[in-house]
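Letters A, B and C mark the chains in the order given here, with residues in each chain numbered from 1 onward.
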Amino acid sequence: MAKTAIKAKNSNDLNEIRALIKKHKKNDLIFAATGMFVIASLTITLLILFLDLVIDGYPRFTLDFFSNFPSRRALRAGILSAWIGSSLVLLVTFFVAVPLGIAAGVYLEEYAKKNWISDLIEINVSNLAGVPSIIYGLLALGLFVYSFGLGSSILTAGLTLALLMLPIVIVSTRESIRAIPVHIREAAFAVGATKWQVVINHVIPYSYGGILTGVIIGMARAIGETAPVITIGALTFIAFLPPSPISTSAPFLNFEWLDSAFTVLPIQMFNWISRPQHAFHVNAAATGAVIIVLTALMNGFAIRLRYKIRKKIKW
Amino acid sequence: MVDKNKHGEIVKAESKNLDFYYADGTQALKNVSLPVYENKITALIGPSGCGKSTFLRSFNRMHDLYPGNRYDGEIVLHPDNTNILDARVDPIEVRMRISMVFQKPNPFPKSIYENVAYGLRVRGENNSRTLDDKVEEALKGASLWGEVKNRLQDLAFNLSGGQQQRLCIARALATEPEIMLFDEPTSALDPIATVNIEELMSGLREKLSILIVTHNMQQAARISDYTAYMYLGELVEHDATDKIFTNPSKKETEDYITGKFG
Amino acid sequence: MSDINVSAGLAKNFKRHLAERIIETGLFLSAAVAVFITTAIVYVLVTEAIPFFQHVSIYDFLTDTVWTPNYSIKHYGISALIAGTLTTTMIALAVAVPLGTLTAIYLSEFATHKVRETIKPVLELLVGVPTVVFGYFALMLVTPLLQQIYPDLTTFNMLGPGIVMGIMIVPYIASVSEDAMRAVPMAMREGAYAMGATRFQTAIRVIAPAAMSGIVASYILAISRAVGETMIVAIAAGQQPNFTFNPVESAATITAYIVSVALGDLEHGTVGYQSIFAAGLTLLVMTLLLNILGHWVRKRYAERY
């Protein structure tokens, strides 16, 4: 080794080394620049996507668009039945997926013992997250539409999307619960609380923010899901509204709307983009803009919420 | 039937031939038989890993929270004369009578009032008058009332370390326990806060019995009436504090006390 | 010498105990729903596919390269649909793997904290874009752009949706790979820097190999996602089954076929109705195998730090 060190003092070798370092630094810079370029392009793509929809759909951003039914005349067509349908379906999805998902997450984190049943459940939850959404549609078609006889209704769609949303709620519930330090839990038990009291008085209230983040992200995804809803037989041309859940005569709440035929925003967009006439494409763009604004707002809100929670927690 | 023993004290609780095994099979306690005397402070000392915290946490069945742990032997509570480790015993009932203060202050992320009231609420106490009274009493018992009486709705996290630990003591006191377990309660606090808490514990003797684990021998010498020296899961010696620190019977005890090892 | 009976003050409170048990059972059932769903998926797909396979032999199903359920002479060769799925997936990967990996390396090894915190939300927003919007994009923006370069390109082709799917998948690869790379301990990086390596050399020679199991797992996740994608291809690749691997042609994927049947008249019990379950079963098997592969890669090559 000593010989090499002495040899390196020879200026030729030194120059070689310097050239090598220079080359490496150049590669480094090139890569950094490429990286920045790629990331900038991705960001710009997102913007282009949004702008494209807004520009294409611009002519249709009128109040009429939101209050009209779809029609054979592209100019008269609106998304009334679509956004009402989406709202009602999401209502069902929320009330099914959220309690079920939180309960499942709580069980897996607080109650499950280390046995094969718990392992089986965990494997299933992570597996279900990777199942293509259209398969949920096929499941719903065979099970809800036919076997349970629920038909191609709002209830069916709500249940289907709830199944899709379930893994997201379960995972975010579990992650939020895991963030609660052990000594807070021990303190609660030490004072004589039962397992359920610890869950309801401490665990859920402290993981509330994280769970909410997951729920919002799940709902944002559900708004945009098209394939499973088409598969269960949602109609693509609806010129009527489902019966209202609230009525002026008693009983003030009814559930007929659950059974109704319906359509949702992404299906309406899909229907319009599938038509050859350009005028319908404009409608599709406008609908797309509406959908993307909704999902971007929800996702953005969830991201901000998660950021704020991370800052606030100082166990 | 009151149990009096060689020290002439009343036994509040005692372990009898207690073994403890963690889920991975390691035996953390070996045949520990130790009395906790009524209205006295008993200190547990010994080097790290000797099992003193494990022993402490057996008294309120904290180990039950983690599956796989196993007790062998008894911890008998008086006057019930019942082994609290028995499978038929409800750990919740045990914890309502034997409370614990932890090493690092761990108040709930709630208000000061709610922290103290929580132990009462889980018992079904909802009457706000009763709660107010008991919370005040507990905070006074923990020497914290004066400092917080005007801001009970403040978040507990806004208190200083020493105040938080006193809040945890108040929380444990609110349920009027018969035994209080302290797991190195001042190791995370500054010297002034430590003195406050030591004074507090001395006062609490009148109402209940105390078992304290401490790493700090001087603390044991200062405040406890009886001291037990543990090593590698076994009880080496248990006696009046004065005797342990001035004239221990066992050589191992003497070696540890004088700092020859540990 | 303790009492053989448990004193009243310490015995189990029956009512409280019962309430706790009931709650625990309820929570358990909620968690078990996951198992129920998987079972139901397999059950529905299999029971509807069985009559299909009584009508069409498995051999024909697997080897025939024509899928024409609506013609007078019906062919049910799943290979036609698989070809569409594979081609679009390959194109998507050709776009997503380099872009995603590059992004991941940049975010993990080069970017400052601020840049990372700004870009990660952008990636998450990209994930949140509904696929039907991406489909619009593919048909109305990307294909016309491609037609400028290659005028013979038909309106429905596999290149446009393939590229757009790639863009859609980039965040999946980027975030999972980045997580894997960030999990590599700082000590390894410091060792490399101390020897005079540049960030690029460290990233390529030290970090990426260490995080390889996570990176490969992200690729497999991406494949799975591309295979299961429906709307982008349904809108922009056409819905005509076509056994080809040529990106400039139109074709139908397994998923697009299912949707096209669902849009029409679904007579419960007909072979046409059952065919979508057979197609769905094929899709499920493919994604299941991919998930298992990803899981295996993760476990087998996981670095223990």
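Operating definition for what follows: contacts are C-beta pairs under 8 Å (C-beta built on N, C-alpha and C of every residue); 3 or more make two chains touch, one makes a residue touch a chain.
The structure presented is a predicted model; accordingly, all values stated were derived computationally and were not measured.
Judged by the touch criterion defined above, the protein chains are all mutually in contact, each touching every other. Seen from the C-alpha centroid of chain A, the farthest chain centroid is that of B. Distances from each chain's CA mean to the overall CA mean are smallest for chain A. Look at where the CA atoms of chain A average out and do the same for chain B: the two points lie 48 Å apart.
The distance from the centre of chain A to the centre of chain C, with each centre set as the mean of the Cα atoms, comes to 14 Å. Taking each chain's centre as the mean of its C-alpha atoms, chain B lies 54 Å from chain C. Shared interface positions of chain B, i.e. residues touching 2 or more other chains, are given as 92. Among the residues of chain C, those in touch with two or more other chains are 16. For chain A, residues touching at least two other chains, in rising order: 194. By the touch rule above, chain A contacts chain C in their complex via residues 21, 24-25, 27-28, 31-32, 34-36, 38-39, 42-43, 45-46, 48-49, 52-53, 56, 99-100, 103-104, 106-108, 111-112, 120-121, 124-125, 127-128, 130-139, 141-143, 146-147, 163, 166-167, 170, 194-196, 217, 220-221, 223-227, 230-233, 236, 266, 269-270, 273-274, 281, 284-285, 288, 291-292, 295-296, 298-300, 303. Chain A makes touch with chain B in their complex at residues 113-114, 183-194, 197, 201-202, 206, 314. Contact residues of chain B toward chain A in the complex are 60, 62, 65, 67, 92, 95-96, 99-100, 102, 104, 106-109, 118-119, 121-123, 157, 168, 171-172, 175. Remark: chain C residues 16, 19-20, 23-24, 26-28, 30-35, 37-38, 40-41, 44-45, 47-48, 99, 102-103, 105-107, 110-111, 119, 121-126, 128-137, 139-141, 167, 170, 196-201, 203, 221, 224, 227-231, 234-235, 255, 258-259, 262-263, 266, 268, 276-277, 280, 283-284, 287-288, 290-291 touch chain A in the complex.
Residues 16, 74, 76-77, 80-84, 86, 88-90, 92-94, 97 of chain B are the ones touching chain C in the complex.
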